[in-house]
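I am attaching a structure below and will ask some questions about it afterwards.
Letters A, B, C and D mark the chains in the order given here, with residues in each chain numbered from 1 onward.
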Amino acid sequence: MPENEFQSIEGKFPVQLHWGDCDPAGIIFYPTYFRWFDAATWALFASVGYPAKRMRAEHLAMPLVAADCEFKAPAEQQDRAEVRSRIARWGGKSFVLRHEVVREDGMLLARGSETRVWGRYVGGLGTPLKGLEIGEELKVLFRAR
Amino acid sequence: MPENEFQSIEGKFPVQLHWGDCDPAGIIFYPTYFRWFDAATWALFASVGYPAKRMRAEHLAMPLVAADCEFKAPAEQQDRAEVRSRIARWGGKSFVLRHEVVREDGMLLARGSETRVWGRYVGGLGTPLKGLEIGEELKVLFRAR
Amino acid sequence: MPENEFQSIEGKFPVQLHWGDCDPAGIIFYPTYFRWFDAATWALFASVGYPAKRMRAEHLAMPLVAADCEFKAPAEQQDRAEVRSRIARWGGKSFVLRHEVVREDGMLLARGSETRVWGRYVGGLGTPLKGLEIGEELKVLFRAR
Amino acid sequence: MPENEFQSIEGKFPVQLHWGDCDPAGIIFYPTYFRWFDAATWALFASVGYPAKRMRAEHLAMPLVAADCEFKAPAEQQDRAEVRSRIARWGGKSFVLRHEVVREDGMLLARGSETRVWGRYVGGLGTPLKGLEIGEELKVLFRAR
């Protein structure tokens, strides 16, 4: 782990692969992993006091700058797994999340990251987003103890 | 056709079935038809002067009350088809759309309907929706000539 | 309940609404309900001895003939609910499932049905499907006790 | 462009952003870009003589090793764009695709890549995949003239 890696709590988001998430090869259609990453990120924020209702009420958002994923082993229908998510790094107005998808037998299925901006809709929902300086009071919520 | 069927224009919305829209049986995953119905409805409204940008600017919406579909023949990857959409009936604040999905060789793949409310977000986007009386000035836009 | 309604066990399939399942109105994009119905059906069959792995190994499938849904109340991001599924009726080679989506506070969000064929890929996966006579040995697995 | 970049033809795959592909912020839900990349890749292969039907008949597949995307500008409902796809590099049994999503006014919305294996299901569909050596006869189909 690089030295500047943030010592983050780890969210655990349970998922299961469904029939409609698979492709004609009988394995996971890969954008499904990114759907899981996104839901896992929202769950991580909910776990520290930022559930969707609060985000919406305060016009907060965290749109994506970049995302990537390596696919390590094919998931099959009804496989159960866990998305393990942590904050890897904080920037001024952005941050990086690391996600690992681990099947219930311990097999690593996929590993990836998301880079997101922390921002607010200046004129309410549906108006342009303005990046916010990420302060210590936000970071501390994600610090491992 | 029942006598009270509205004489509607017919929208034609082109679609193609992609790898990720298919399931392990190698055919269309059925919620895909409903995704197509929804997009076809928005396209039909755009074609008569209600594109998404106007809907959003005027805080208009058309949420669903009910939807159904009969699946007639299995679509396969890269099949091209057309969703043919028409207004079947107008209620006071709601309306019914009929959709047919016809493959390029003329084969009927699916047929269904959506019942929607015509409404406005009273306090702007994200606030509760209020049904609006559907006036003649809206209906006339969809009347076949 | 009609007299010819089959006395079915009831499957309970937990779901949660995610950011990406919502639309710009901030509520559930309706095909999501059908994705949930489909996953709930597979889970119901798994619960009586037909998990996906067995279905695949025996080349069994249950493609759709029809599906419908009534939308009763709008679901919002991170809402938790349960899909309650039962066999409503058995035909010769087909069957009907009823699904209700109930939010954790007891609110009925949606109610619908699926009509499916019980069949087998005659030449293995990816080959045409042949409907199978549904015997007592299958029905008994779903009978409420 | 690095010197070892393959001189590839460029596929142009038209897309439109639909209501259900947007999130509560009113912009594209990011996994949609990866759905588009996947469909664009299949279209690129179809354009050089490998349509889905042939891939299926010959038990060929091209599962993912990795994927990434940078999001440059937010797409909105009913925006039309084009996915421009090319082969960036050939490995022994794998290859890299570059994708750019360009809105009809020329604005770059997103840019990413996919790394895929070229393989065959050794025992037919649904059986394990074996990577194939990528020969000149495949590469030449994608060479710009």
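Definition applied: contacts are C-beta pairs under 8 Å (C-beta built on N, C-alpha and C of every residue); 3 or more make two chains touch, one makes a residue touch a chain.
Bear in mind the structure is a predicted one, so any value in this text is a computation, not a measurement.
The chain with its CA mean position farthest from that of chain D is C. For the interfaces A-B and A-D, the C-beta contact count is higher for A-D. Separating the centre of chain A from that of chain B, both taken as means of CA atoms, is a distance of 33 Å. Taking the mean of the C-alpha atoms as each chain's centre, chain A and chain C sit 29 Å apart. Chain centres here are Cα averages; for chain A and chain D they lie 24 Å apart. Multi-chain contact residues of chain A, defined as those touching 2 or more other chains: 19-20, 24-26, 29, 31, 35, 38, 56, 77, 125-126. Against chain D, in their complex, chain A makes its touches with residues 24-27, 29-32, 34-35, 38, 56, 61, 63-71, 74, 121, 125-126, 129. Those residues of chain D that touch chain B in the complex are listed here as 16, 18-20, 24, 26, 35, 38-39, 42, 46, 51-53, 56, 76-78, 125-126. Those residues of chain B that touch chain A in the shared complex are 19-20, 22-26, 29, 31, 56, 77, 124-126.
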